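Two complexes, one shared chain (subunit A), two partners (subunit B, subunit C).
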Partner chain A sequence: MRDVAIVAFAQTRHTGHDSGLSEPELILPVIEEVKERTGLRRFGFTCSGSCDYLAGAPFSFVSALDALGAWPPISESHVEMDGAWALYEAWVRLQHGDVDTALVYGFGKSSLGDLRSVMTLQLDPYYLAPLGLDQVSFAALQAAAVRADRAELDAIVRRSRAAGRDNPYALDLPDELTDDVGVAPSRASDVAPSRASDIEPLRASDVAPITDGAAAVVLAAGDAVAELCARPAHIRGIAHRIEPHYLGMRDLARSVSAADAARAAGVGKGPVEVAELHTQFAHEEIILRRALELPADTVVNPSGGPLAANPVMAAGLIRIGEAARRIHDGTASRTVGHAAGGPCLQHNLVTVLEA
Partner chain B sequence: MGNRCAVIGVGQTRYTTKRRDVSIAGLVREAALRALEDAGLTFKDIDAVVVGKAPDLFEGVMMPEAYLADALGAAGKPMMRVHTAGSVGGSTALVGASLVQGGVHDRVLVVAFEKQSESNATWALSTHLPFNASLVVGAGGYFAPHIREYMRRTGAPDHIGTLVAVKDRLNALKNPYAHLRIPGIDRAMVESTPMLWEPIRYLETCPSSDGACAMVLASEPAVTGTPAWLHGTAMRSEPIFRAGRDTVNPQGGKDCAADVYRQAGVTDPRRQIDVAEVYVPFSWYEPMWLENLGFAAEGEGWKLTESGATALDGDIPWNASGGVLSSNPIGASGLIRFAEAALQVRGMAGEHQVDGARLALGHAYGGGAQFFAMWIVGRERP
Partner chain C sequence: METSEPLVARHVLEFPGGYTRSTGPVIGRFLTELRAGRIVGVRTAEGRVLVPPLEYDPATGDPVTDDYVEVGPAGTVTASAWVQEPRPEHPLDRPFAWALIRLDGADTALVHAVDAGDPKELRPGTRVRPVWRERREGGITDIACFRPEVTMIVSPVRPEYRIQAGGALRTFLEGVRRGVFLGGRCPGCAKVYVPFRASCPECGSRIAEQVELPDTGTITTFAINNLPDPRAPEVPFVSAYILLDGADIPMIALVGGVPAHEVRQGMRVRAEWVPESERTLSMANVRWFTPTGEEDAELS
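The block that comes next holds the complex of A and B.
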């Protein structure tokens, strides 16, 4: 495959509440930042990821285009998926060989609605969605299948929050873990209180916070790589796989699709210094560590990960961006970025980055 | 453009107002199985699946590809979901083709659908974000002023739209999958229908259809059966609110056409292209796109339509299948254009086959006439 590298990454200072910015206003600064960092004003290809349901209106990506200043008209596409898949589409496009740069971005404001029940609408509309199972509840089914130790889960959350407090882009979440069940820490008032038995074995702190945010990445290939970045993060492997939708058809304690994607991306071909995992629930880290067969010394989510900031539709792209940042700043030479979609880690994307 | 890529299988459902006998999954699977059958393949032979549809608000299923993974045999494979407004069907084909052109996969299944009977498109298209003005009632309300501006600029007579409405429905009578098959369709019938959005009458708009379309795309070594070779692929987007943007004759459409023509070696589309499947959801978009795509000089598109050149027996048939005016499962409508172009150069379009078609254009547009997706397919390998 053609060598493609991440040459720039930018993200918003994510917020746990609606800051009043519209989606184009959220995107514009991060687009400007990667343009400034690379000196590029035009890109060979542009691709974005977002979800109409977060805004509750069709075509969330249409007004985003106004933030790009797409004039003259640009070669552009959009996935109704996390921005990580927009990055994948752009990586594929750069394989053609006729263009050398791509702009990728993802954005979402989950503060605007009730994310937990919105995610119910992703389920089979005939047999599953009418049951009213919300996102926290189906995650709880997976958490139960994992049978994780409570102390281990709490340790994951504390470590993630501590890392998040050191990350200027992530939320500032306390070390103390609350027992308010089913309540995301940043928007407690928005979520109907649940009885503890409803979502056993999850604790509120196991759940990624409601977050607004955006991120942008620039990919380059050929001579552009060296021209645009002193320490590019080369994409050595990138792959994704989906699993059956029905939870009853999967062993929820494992992630076969993450394991397959990791093998296809070549995670095990070398050491992994840093892995940024798209863990929207604490127990997902346990599942993904196993699926990716990460060595014990791999540092997981030094950014704090989604448990410290989870701007839906950008959070997966941010994992790849954070994994690239460790290479850009010279603190790591081989890292892994992971993104997930669908209920209970149905769909997983894994990328291996090298200096 | 990367590696060579060909369409080796096409599958369509019959387009109709209500497919009560199938779920959304059943609908897409029907199209997918027909495409696989056409290619002489099964789901096992497919490396990746790309799904496209218009806004999720239509059916109320968020990111339905997660739910459709099982029905489309995608489990264990990469699956992607494209959404680029009305152009999404075309974009879906291009994203699938890109996977082959980029050398990532050998066989890709692309599927697009809409089940309008389980949705309310005009409602979904009319909602808006807080603190943003909602300017439209559905797509017709948005596009009618652009059409009136086209008529003002060109002095086109009022009946041109009627001619397109009749011509495309006559073609639909030859297409067994078409939704609107209206016996005895003529100008008087179109002109007797109510005015919806001046100057668009009821029979000058597309219907609301249930339906799905699928294609199997293959790399050169993986070709089976009768291929339609890709000679060019292009996408263009422009901002909806850019002041000074020409919404009647958008730059994005012109640039996209120039790009795809350059790749395919087309310098005179009217002469070199044998048949075009172009996204015409309102009758007047035929003359408008004839100009935008370079088949006619600016201001002359309506004359080409009036002359009968775009009819099935004309020198440059447009929408031999009946087009979007005859079948409109929104998210699939673009993919159907691309698929019908492929059927034509494969010589498999049945009663609406254009004799000797060797080079065909597939076109889709979306948003506020700001997203464009096009491909050119040919009988010969490029």
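The block that comes next holds the complex of A and C.
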């Protein structure tokens, strides 16, 4: 395998409401930031992750290219997934050996619509979508299968929020666990408000907050790695695995695909100082800790994780970026970044980063 | 003209009439059977029964067989989530549960709604049965929802009686109408019983001697009741054994005028009588016993 490293990472100061910026306007500052940090103006490959259903605009990722300056034409691709999978595609692209740098970005504004029912659109159209099974409902089924302890869930949320308050990019969410998050305050008044408190055993605070934001990562290979970053975060392992889509075909209390991806990425081959997990619901941390077999001394989501800021389609990429940042700044030498997609952690991607 | 007002517009993404999707042979078979009021699974090459059927076995990736098996209609809940406030797109407009249901004969679970009425009615292991929609179209919502199997019925019991206080009880109640607790002293063992009774339950002697007891006494034991009772003014209420001064046997009465958690054994209490004009031949003449404020008595 060709050694590929994360040499730069930038993210927006995420907002819990729609600031009115268009998607290109949201992306532009993070693209500029990684360009400035690496000194690169052009990249061998560019790949992004986003979801048109968030903005309700077909091919919205195409107009997002306006933030790049894609002329003369660039080599570019897109995944209708979290930006973490764009990073995976860029990593694969760099394995070809003919290009040495890649720009990866992910972005999403979940404040515009009703995320719970937007997420219904990812379900199979025969068996699940016609039931109107929304995102919080299927997550609650998984939480019921896990039979998690309420005190443990609340502790996960409090710890995540406290870390988020220390993270200038995350939202400022209170220590007190009330039922008022998960609602975008600036939501257009004709869209029904979305309260999560009505699906037991979840409570509203278990649900990641509605968030708008973007993130960008630069990957490098070969000589470019040392040229672009003083302390690069080398991708020592990266793998993703997927499970059957239909919820009744799986044991929802476990994540077999996350465990398989972690094994393939080599998580257990060394100590893990920091793990950034894509936990959009508190109980997912319990499932993922077990699946990744993280030891008790691994610090989970020191950024606050998605429970402190969840820009959908960027949040997984941000987990990898945050894991890389700990290596860039010298506070860790071996970290793990995780991203998830699909209902109830159907699809999991795990990266192992080393100094 | 400059304005600081947010410029907000409504935007709806819709494919008018909805997408048409081909079902393929496997899902099509399942939906056709549903329309006919049957639930079928498909057998995999390994012999497992997938419900709802998929074209490929998720465990192996192999195509499934042509063997369709009728399952259910009853099944067992493996996990559930309670929806207190249904959303417009949900299948029920009243509180319900989402559930994973393993139908009898299936090796996988079906996701559907359960109309359980109350979250307590549903737990892993609860047996449920489908409620079919009257007009079925060949969709997963041809099953309107599931309902728990019948495990319990309600049997009302309400015979009526006419009871009459004659004898000793009448004697006691006539005392209560006057504002006096009447006891009786056993000529054999000298124990004083209240309410007044015709014979001593210990030695069997006939009791003739009436004793007027004071309306003060001591709580020997008590219970805090959290179920409403027509004889009690509110919930929770305290019913107590009260040993009237001079009696050997306590009698049961309500305790009031004090928070339930402050009631204790040894507490001194006095009867609170209803006004004389309202008194009848009934224990209702005593509203309840209420603390006197005296120091607690030693209980032997």
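Please note the rule applied: the second predicted complex is superposed on the first by the 335 of 355 C-alpha atoms of A that agree within 3 Å, B and C clash if a C-alpha of one lies under 4 Å from a C-alpha of the other, contacts with A are read in each partner's own complex, and residues count from 1 in each chain.
Criterion: a residue touches a chain if its C-beta (ideal position, glycine included) is under 8 Å from a C-beta of that chain, and two chains touch if they have at least 3 such contacts.
Keep in mind the model is a prediction, meaning the values are calculated, not measured.
Asks: Which partner does A:P244 contact after superposing on A: first (subunit B), second (subunit C), both, neither?
Replies: A:P244: touches subunit B and subunit C.
Asks: With both structures placed on chain A, which of the two partners, subunit B or subunit C, ends up touching more residues of subunit A?
Replies: On the superposition, B touches more of the residues of subunit A.
Asks: In the overlay, answer first, second, both or neither for which of subunit B and subunit C A:A145 touches.
Replies: Second partner only.
Asks: Based on the superposed arrangement, let me know which partner A:E176 touches: subunit B (first), subunit C (second), both, or neither?
Replies: In the superposition, A:E176 contacts neither subunit B nor subunit C.
Asks: Contacts for A:D329 in the overlay, against subunit B (first) and subunit C (second): which applies, first, second, both or neither?
Replies: A:D329 sits against neither subunit B nor subunit C.
Asks: Touch test for A:S117: subunit B only (first), subunit C only (second), both, or neither?
Replies: second
Asks: Given the touch rule stated above, what does A:I74 touch, subunit B (first), subunit C (second), both, or neither?
Replies: After superposition on chain A, A:I74 lies in contact with subunit B alone.
Asks: Applying the document's definition of touch, where does A:D297 land relative to subunit B and subunit C: first, second, both, or neither?
Replies: Touch status of A:D297: no partner.
Asks: Looking at A:G132, would you say it contacts subunit B, subunit C, both, or neither? Reply first, second, both or neither.
Replies: After superposing on A, A:G132 lies in contact with subunit C but is clear of subunit B.
Asks: Going by the contact rule set out at the top, does A:D260 touch subunit B (first), subunit C (second), both, or neither?
Replies: A:D260 contacts subunit B only, not subunit C.
Asks: So subunit A touches subunit B in one structure and subunit C in the other; where do those two contact lists coincide?
Replies: Common interface on subunit A, subunit B vs subunit C: 53, 56-57, 125-126, 128, 243-244, 246, 249.
Asks: Please give the residue numbers of subunit C that touch subunit A in the complex, ascending.
Replies: Touching subunit A from subunit C are residues 6-13, 19, 21, 23, 27, 31, 50-52, 54, 58, 78-85, 87-91, 98-102, 108-113, 119, 139-141.
Asks: Spell out the residues on subunit A that touch subunit C in their complex, using ranges where they run on.
Replies: By the definition above, subunit A touches subunit C via 20, 53, 56-57, 112, 116-117, 120, 125-128, 130-134, 137-138, 140-141, 143-145, 186, 188, 190, 192, 195, 197-202, 243-244, 246-249, 252.
Asks: Across the complex, what residues on subunit A touch subunit B?
Replies: Interface residues on the subunit A side: 1, 22, 46, 51-53, 55-59, 61-63, 65-66, 68-81, 85, 88-89, 92-98, 118-119, 121-126, 128-129, 239-246, 249, 256-257, 260, 341-343, 346-347.
Asks: Can you check the complex and tell me which residues of subunit B touch subunit A?
Replies: Interface residues on the subunit B side: 1-2, 23-25, 54-57, 59-70, 74-85, 91, 94-95, 98-99, 101-104, 124-125, 127-129, 131-132, 234-242, 245, 250-252, 255-256, 259, 367-368, 370-372.
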